[in-house]
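Each chain carries a letter (A, B and C) given by its place in the written order, and its residues are counted from 1.
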Amino acid sequence: MAKSLIVIEHGPSGLKRSSLHPMTFARQVGDSYALLLLGHRLDALAPTLQSYDATSVLLADHPALAEPLADRYAAVIAEVACKESAQTVIASSSTFSKDVLPRVAALFEAPMVSDVLAVENIDGVSTYKRATHAGSMLANVRVTSDRCVLTIRPTSFAMPAPSSSLSPIEKLPVDETSLPKGMQFISREERVSDRPDLSDARVVVSGGRPLKDTETFERLVGGLADVLGGAVGATRAAVDCGMVPNDYQIGQTGKIVAPELYIGIGISGAIQHLAGIKDSRVIVAINKDPEAPIFQMATYGLVGDLHQLVPELIEALRRA
Amino acid sequence: MDFSWSDQQRELLDAVGRFGREQLNYDVIAHDRDAIFNHDAWKKCGEFGIPGLLVPADFGGLGQDALTTVGALERLGYTCKDNGLLFSINAHMWTAVIPVLSHGNESQKRKFLPGLCNGTLIGGNAMSEPNSGSDAFNLGTTAVRKGDKYILNGSKIFVTNAPIADVLVVFATVDKSRGAEGISAFLVEKGAPGFDPSHRIKKMGIRTAPMSEVFFENCEVPAENLLGKEGAGSWLFTRSMTWERGCILASAVGAMQRLLETCIRYANERKQGGHSIGKYQQVATKIVDMKMRVESARHMLYHCAWLTGQRKAVYLEAAMTKLHISDAWVKCAEDAIQIHGGYGYMIEYEVERELRDAIGSKLYSGTSEIQRNIIASLLGL
Amino acid sequence: MPLAKILVAFKSVPDPADAGMSSHDIASKFVINPFDEIAIEEALRMRERGDVAEVAGVTIGPAAVDEQIRAAMAMGVDRVIRVDDSRALDPYAISRILCSLVGREQPSFVIMGKQAVDDDSNQVGQMLAGLLDWPQATFVSKIEFLDNYSRACCTRETDSGLEVIEVSLPAVITTDLRLNEPRYVSLPGLMKARRKTIEVATCEQLGITVQPLTVILSTARPPKRPAGTRVDSIADLVARLKNDAKVL
C-alpha cells in the first residue's frame, strides 16, 4: 500500500527519464509511492525502477496494453490506485499523461492539478504552485478532497537519486475482457534521431519562421544544435508553416523546456513561446529586430542577420 | 447626454476591431511602394459587411445608423494600416452606395445595392474634371439623350476606384446653359462602350487606392441608368458630399489613435541623454497636443454622425468635421515623424507614409479652403 | 446516415492578445477560448459538408458570457445552452456539469478545445470522456468519419510526433491548433445571431450539485528574469558563454 501511485512512461528507446521525476516530488512531500508501468513486454524495463525506494514496482503487462490507449490505460490505472488505497496518482507532464491522467481522475473521482511547479506544506496541507495564462501568472492551489491526481513539470523536479535497496516487482493480472474497446491504435510516425530529447536536453537550439524552409532550418538550427550536442525546438509559427514537425514546438501549448542553455534563432518572443523557455538558465537570442520582446528575457542578445551569424557561431564553437 | 456605446454597438465594434487586427494586418510597405490594391482584403471587408453598414437589410445591408457606422470605420482605421484600402472603401460607401440608396429607383436599388453591400460590386463617383475641381458644378462633361440611351462625352479626373469599379456615379450636364440645374447623375457600368477608366494616376499617398483619369468618348449609357431626375445631379451631389464630409475621415481618427500610441511607446522606449525622450518637454508636448487632436476629432466625428441619425441637416457640422479631422491628421502625422527623429523618415518605420496618406485629406471631398468657405457662409458672413 | 447533433463546449477567456497584461483582477476583454473556436469551426465545417445536422454549443458561466455565446452563434452555431453559474469552477466540476448536459442532449459526439488558455489545465475533455465512459481523441489535428459515421479516424499531435487512432462514436474529441483556422465573425453573422435564442439552464434543472474541489489561494506574477546584455559579435558571445555563464 502506498500513499501515491506514480505512472511511469516508456517509449521505443526505453524508460522516459523525465517520468521518474515525480518521485522527487513524492519524496519532498514525504509520501510513500508505488511505481506503475503499463505496456507489453516490460520485463527488461522493470529492474531499473527497482532502485528508487518505491514500495513496489507494479507491472500491467499485456498485449492489449501495447499502445497507450487512454480508455484502457485509465481503467487499469484507476483500478490499481484503488487497490493500492493510494490517495494520489502522479505522473510527469507529457502528452501521454495529459491524455490519460484526467480520465483517471474522473474514474478515481478526484480533482486534478496539472503541471505542478512546486509544492509547499502550509498548515499540514499541500499547496501546489502552477502556471496559468501562458505562464504570465502563478497560482497557488489547494485540493479540498482526500484524493487527487497530479502531473508535475519534469523540469521543476530533479531526477531522483537512486538507492541501494531493491523494491519488489509485482506483475498485476490484467483482465482483457473488462478493458474498454472503443479505441484502436492505427499508426505512429517513428522518427529516429541521434539528438537528445527536448524535455531533458542540456542545450536547446530553437528556430522561428524567419528560417524560411526546412533545409535552412536543419542547416542552421540543426547544425548549431549538433555542434553543441543539443536538442532542436521551434516556435508554433515554424510548425504551422510546415517547416518542422509538431513535436518541435516549444511553448504554452507545446513543450516546456528548462535547459542550461537555450538559443533562440529568428524568434521574436511571443509570450506563448516564452512560456516554454523562461526557466532556462541561460537564454541567448539572435534576431535582426532590436525591439524583439525576446531580448527582454535573454541573458545575451545579439542583433543581426541570422543567416550570417549562425554559421559564424557554428564555426566559432567548432574551433573552441 | 449619454456618451457611451450600447452593448450591441460595443459588440459590433469589437467584432470590427478583431476583424481588422486579424485579417487586415498585411505588409503595407510593399503595397504602398508598388501602388497595389489589395483585392483580397477588399473581398474580406465586403464579406465582413463593412460597405453595407448603412444600407437597410432589405437591400443586403446591416441597417446600422451613422454613429455606429463611423465607430466601425474608426475601429477599422485603428487596426488596419492600409489607409488606401480604407479610402477606397469610403469612396465606395459615400459616393456610390449613398447616392444609389438615396436616389435610386426600386429597380436600380435591387440591381446594385446587394453587390455594393457585400463588395462583389465596387463603386465610386466621377465628378471632378481637369478644369473643374473646387468649381464643382462648372462641368464640361456632357450627356445627350438619344433614344433609349444617353451619350456621354468628356473626361473626369481623380476618380477613386475607377480602374477597378463595376459602376461609377458620373455627373454630366444635359444643358450647360442651366448651370448647376443642368447636371444629372448617371450610373456608368464597367464595359460600357466608350468608357475608358484605364489611365492610372500616381499619387503621393493613399497609393494603394486605385485612381484614374476617365475618358468618355461617345459613351453609351442606358436611359434607365439615369440616377434621379434630369437636373437633380447637383442636389444629389451635395447630399452625398455632406455624408462624405462627415464620415470619410472616421478611419483617420482610428489612424491618429494608432499614431498616438506608437509615439507614446516610442517616447518611453527611446533613450537619449540618460532617460526616455518622453521626459523631454518638447517631445511630451507634441504627444499631448496629439492626444488633444485625437479627442476633439473623435468628438466632432461622433457628434456629426449623431446629428445625421437625428435627421438633422449637417452641412455645417460635416464641413467642420472634415476640416478639423484632416488638419488634425496631417499635424499628428507630421509630429509623429518629428518624434521618431531619423527613424520617422525611414520607410520601414511606416510613420512617413502616414503623412503622405494624410495630406490627401486636405484636398479630397472639398479642399480645406472650400470647407472654410462653406462654414463662413453658414455662419452668415 | 449523417450524425444528428454534435455538442461543442466552449469557454470565455481573457483575450490572449492582451496576454502578459491580464490577471484575475483586471477586467480585460473576453473572447471564446481559441482552442474552442477551432472546435466550433470544425463542427461548422462538418455541418457544411453534410456530416452533421445540428451544431449545438454549451458554455458555463454568468450572463456576462452571453457576448461570447453570440460570437459563437455569429460564426454559425445553431443553438447554445448556457449553464448559469458564476462560481470559479474547476475542471472536475465542469466535466460533471457537461456530463449531465450530454445526458440531456444526447449528441453523437462532443468536441472542445484541448485546453483553456487562461487555466492551461487540459483536463475537461478527458474527464468528461471518463465520466461518460466514451472513447476519447485528444490534441486532434485531423478528423475523418468512417464506416457510415460509426467511427472517427483522428490524427493526434503528441510529444513524439503524429499518431493516428480510431474511436467509435459517441466519443469526446479535443482539438489542437492545427486542426483548422476558424472563420472570423462577420457582421451579417452577428446580426443573424441576435435573432437566435440562448437557452439558460441551471445545475438544479440538470439535477446535479457540484462543488469545486480545487481552490486557488492566491495568484502572483512570476519573478522577472534579470535584464541581460547585448553582445555585438559572435566572438564576444562565445567568450561570455564560456567564461561568464560557464555553460559551454
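Criterion: a contact is a pair of C-beta atoms (placed from the backbone, for glycine too) under 8 Å apart; a residue touches a chain by one contact, two chains touch by 3 or more.
Quick caveat, the model's predicted, so the values are computed rather than measured.
Chain contacts in this assembly form an open path, with each chain touching only its neighbours along a single line.
In this view the innermost chain, defined by its CA centroid being closest to the centroid of all protein CA atoms, is C.
Note: the chain lying farthest from chain B is A, by mean C-alpha position. Averaged C-alpha coordinates give centres for chain A and chain C that are 22 Å from one another.
A separation of 55 Å divides the Cα centre of chain A from that of chain B.
Note on chain placement: the centre of chain B and the centre of chain C lie 40 Å apart, centres being C-alpha means. Residue positions of chain B touching 2 or more other chains: there are none. Within the complex formed with chain C, the chain A residues making contact are 11, 69-71, 74, 94-96, 98-107, 110-115, 127, 131-145, 148, 180, 182-191, 199, 228, 236, 239-240, 245-247, 252-253, 255, 260-261, 271-272, 278, 281-284, 295-303, 309, 312-313, 316-317, 320. Only residues 7-8, 11-12, 14-16, 18-19, 21-23, 47-50, 53, 57, 62 of chain B touch chain C when the two sit together in their complex. Residues of chain C that touch chain B in their complex: 17, 29, 31, 67, 70-71, 74, 184-188, 190-191, 194. Interface of chain C with chain A (complex): residues 14, 16, 19-20, 22-24, 35, 90-92, 95, 114-115, 117-131, 133-139, 141, 153, 156-168, 171, 176-178, 212-222, 225, 227-235, 237-238, 240-242, 245, 247-248.
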